[in-house]
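Below you'll find a set of structures to go through.
Look for chain A in each of the two complexes below; its partner is chain B in the first and chain C in the second.
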Partner chain A sequence: MSTSVAIEQTLKQYVAREILDGKDIGLDADTPLLEWGVFNSLEIARLLGFVREHFGVVVPLESVTAEHFKDLRALTALVASLKG
Partner chain B sequence: MLLADLVIESARRDAAAPAVIGPDATLTYGELDALANRLARALARRGVAAGDRVGLWLEKAGRGVAVMQACLRLGAVYVPLDPLSPAPRIAGILGDCEMRCVVTTEARRGALASAGAPPELAVLHVDADWDEVLRLSADSLPPPARGPDDLAYILYTSGSTGRPKGVCISHRNALAFVAWAAEAIAADASDRFANHAPFHFDLSVLDLYVAFLAGGAVALVPEGLSYAPRRLVEFVQSHRISVWYSVPSALALMMEEGALDAAAAPTLRAILFAGEPFPVKPLRRLRRGFPEARLFNLYGPTETNVCTFHEVTALADDRTAPVPIGRACSGDEVWAVRADGERAGPGEEGELMVAGPTVMLGYWGQPPQRGPYATGDIVRVDDGGEYTYVGRRDHMVKIRGHRVELGDIEAALLQHPDIREVAVAVRGVGIDARLHAFVVVAPPAELSLLGLKRHCAERLPRYMIIDDFTPIAALPRTGNGKVDRLALARLAAASSSSQGEQP
Partner chain C sequence: MSNVDFDIGIIGGGPAGTATASYLARAGLKCVIFERELFPRPHVGESLVPAATRVFKEIGFLDTLEKAGFPKKYGAAWTSADRAPVYAMQFEGLSADCHVDIRFEEREQAGVDRNYTFHVDRAKFDLMLLQHAHQLGAEVYEGVRVRGVDLSDPTQPAVHFKLGQQDIRTRVRMVIDASGRHTLLGNQLKLKVLDPVFNQYALHTWFEGYDRTRLSHGRGQPEYIFIHFLPLTNTWVWQIPITETVTSIGVVTQKANFAKSRQDREQFFWECLQSRPELYEGLRAAQQVTPLKEEGDYSYAMREICGDGFALVGDAARFVDPIFSSGVSIALNSGRLISHDILAAAEHGDFRHDRFRTFETLMRRGTRNWYHFINLYYRLNVLFTAFVQDPRHRIDVLKLLQGDMYDEDEPAVLTEMRRIVREVERNDQHIWHKYLGSLTSSAFSEVF
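After this line comes the complex of A and B, so read on.
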């Protein structure tokens, strides 16, 4: 399993468990998380804490943009690039 | 005096002074003045004349501010629309106030067309039509034949039946508040205002127009930063903000996560907040963090803008009661009416009534507002004659300062084919406020939170999307058959398990 796939799985589980009702039906790489109100500013703040603890990477302030948080695909790419 | 005169006068005094610092560009007063004239001509070419409504459906930027000024110069009425609302809701508003023109981007225009916006609606694109705008003359326009009691702008708010309501504000309404606020905080041309609230939220009226009256600058906080506390503190630092106005939630977050205090933000001299009660604990932290700055608690529904204020001075260590909303301002008169219809005296509670120059003209499409405006807010009269907010008399709630009619969300959820009955409750306060839906599901359907969020997102502004839901066999009802809101609030409070609320 490539690193990206593993990161995406971890993030997906986090979203289903911590933000949603534990169900991940319909939760795909391109589900619009900002548009559907899954990620709001408060959830993003919590998510940044999870990313720091779980992946050991700090998302720089300038990367906290809609472009990087719009869906799991974009978020996975961001985390993967920070892990280097 | 009309609202358009503020920028025109300030441009005449000092055309080189910065007026708007946006994510797109910084505009001096001279540049804002010229751009407003060009945009007014572009709107006029699209048939916009005095009295016409013009919608703005844009992300926050200097161009949007210039469009508002352009509308005012034509005597037209601008209608700022939530850039985070879905196209069908915006299309509904365009129809509701028979918009003549909408100012937006090509991409958003496409979404509006698919959502059923009227095809005869004129469009000014801030991207595709920009070259055309810049080619038009920047010369002054003749003043429009409008008076202070004509409509200046319309702000749409959540309506209890699922239809947004357009609050109609005249030039006199807005200027009465702006003039009071400028004097209260002693605004001058050296001030730099932060504009945190979106343009469709009436808090933005202070940021923009008090700055324009004083000849100061207003720096626009982009939507994406609204609740990113560390970036907000950086914003205050890099723009040397002197006047900050926002909902308390944003300030509380900036202190908690962004270490906001006078050492971090030495230029802040006045901090104002409104939209929801400020819990005493974070407010005390703000008071201690800024020993020299002036702090103001402002109060007023969109229908009256700010009608009372309280300047927060010292806060006793043992104080647990929220600070008052204070006493009347903006030239208004306020009083409280008891349940028996009599005026409430010291120590008594009643519904707050407002009369005076800031009371709106009325809701669009409804009979004009006559006489005092009944706020629906229950207040207590203090011994000193100040008022303290107690609660609502209906089902309107505040989610981080946004006004939400629970019926608006319920009406949207009822359109779901698998939902028979629904009631929405709020749990938590301030930053932690969450919208929780209780739904009676038509078997054998099984709902998911993601599916319900999607359903809401297609119909409601983003701040009205539910955070949680619980399937329930039947809604709790009171003896007379009404939904038992108190029982729902208890159920919601009890179910806050897995959502990881911070203490």
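After this line comes the complex of A and C, so read on.
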């Protein structure tokens, strides 16, 4: 479980720093990132690059679905499963 | 030989015609260029890609070009702005601007020895090329409007034009149509097919004193070409440096968007720009120095690009879309390819269709790849961005952006892009599904 926590922390830091320019919007595991448009089309592309570099896993582009990207919890689960 | 006036008659003195003439005149063929305008004259298509460099070198034009002082182009950048809810929540300093760029020097390119190309004022650039072809020995008739080509004896085509009141026929061994979007031979031989998919429309002009770094997200890059996406289907703006202080700005949109708006051109141009406030304000603060010009009836292809005694080069052979600044490079390289075949044909004294198969194959392949690339780009913009940012694909995409698209039947990167587009089309839960452009995938089954 601690791996998941670490993944979530890392992703959260990335989103806060790179996408939200360090602004605090009360980001947590359930913040509806897609609904709010935090993950826009281009940000997803950048995020995939970050995940590839940082975690060493490639998110297949066909998995870029609402189910996996709706919030940090879902995204963490996706990365964790890819890391296997 | 004795019963013709010239070896090769070239209709059009733009880059396609002058590149062809330069290659052939250098090799000793007797060429004549018929240009309907008096140069210099303005022309759209002001930004080059590095594949042009190879031709400049081969025809001995590169030094002249380097000395002309045109702005150097080191790369390209794309920007977009998002209007998602989070950006309306007014968190201080939260910017929705996105920015992606490439530098040409990231990929080595065969025949190209420098990490930049140029943005050019086409009036000056085209005149320089025409003078260059002339210096190499090509005859140049300016202000001469060709009325047609008599191909009834394909071993001895005749170019018709009027000089004052006089009807003149010039006999040649072969005719090159480099008449650009006038598509003289394509019209005469009824070869032209309008593209049912792309019906784009452009409005463009020059501004003095526009701050080109304005939308660069602090990266500067005043010498890059910028593509600014507007939040309107398939609509974007080009930003091309012309001189230190003059910038070419063009809005490219679907013709339907313009027709629907029922506005005049001026209003429509500015209203489009208003969707990117920062760009709009920057341009309002600058001074528009040329009247707005439009380009319509955009994309077309030809059923044949060569035959007995003739070939089409540059825009006269095909025009797709200006999105990747490929026009001049394709024009120059089609001149390079046809010249190669013509020199071999001249050795055998045979200018029948079969002699131009290499040109035909390479041009067809190059433009097909190009067409697919542009289709995919418009169908799913973000995919292009994702590929550019992905180290596994970046260099392959850059290769296309540099203008190298003739050497593979289909580059693997296009196959992969198409696979993902199909997946996104199929799955409405895919995050990119809603970003699919209005081009449908049937766009890929082109007739040629």
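Throughout what follows, the second predicted complex is superposed on the first by the 80 of 84 C-alpha atoms of A that agree within 3 Å, B and C clash if a C-alpha of one lies under 4 Å from a C-alpha of the other, contacts with A are read in each partner's own complex, and residues count from 1 in each chain.
Just so we're on the same page, a residue touches a chain if its C-beta (ideal position, glycine included) is under 8 Å from a C-beta of that chain, and two chains touch if they have at least 3 such contacts.
Quick caveat: nothing in here was measured; it's all calculated off a predicted structure.
Of the two partner chains placed by superposition, chain B and chain C are both touched by A:L61. In the superposition on chain A, A:L20 makes contact with both chain B and chain C. Shared-chain residue A:G49: touches chain C; no touch with chain B. Of the two partner chains, chain C is the only one that A:F39 touches; chain B does not reach it.
The intersection of chain A residues touching chain B with those touching chain C, taken from the two complexes, comprises 20-21, 23-25, 35-38, 40-42, 44-46, 61, 64-66. On chain A, the positions that touch chain C within their shared complex are 20-21, 23-25, 34-46, 48-49, 52, 61-62, 64-67, 69. Residues 80, 82-87, 89, 91-96, 98, 100, 381-383, 385-386, 389-391, 420, 423-424, 427, 429-432, 435 of chain C are the ones touching chain A in the complex. Per the touch definition, chain B reaches chain A in the complex via residues 224, 226-231, 234, 253, 257, 431, 448-451, 453-454, 456-457, 462, 465, 468-469, 498, 500.
Within the complex formed with chain B, the chain A residues making contact are 17-18, 20-27, 31, 35-38, 40-42, 44-46, 61, 64-66.
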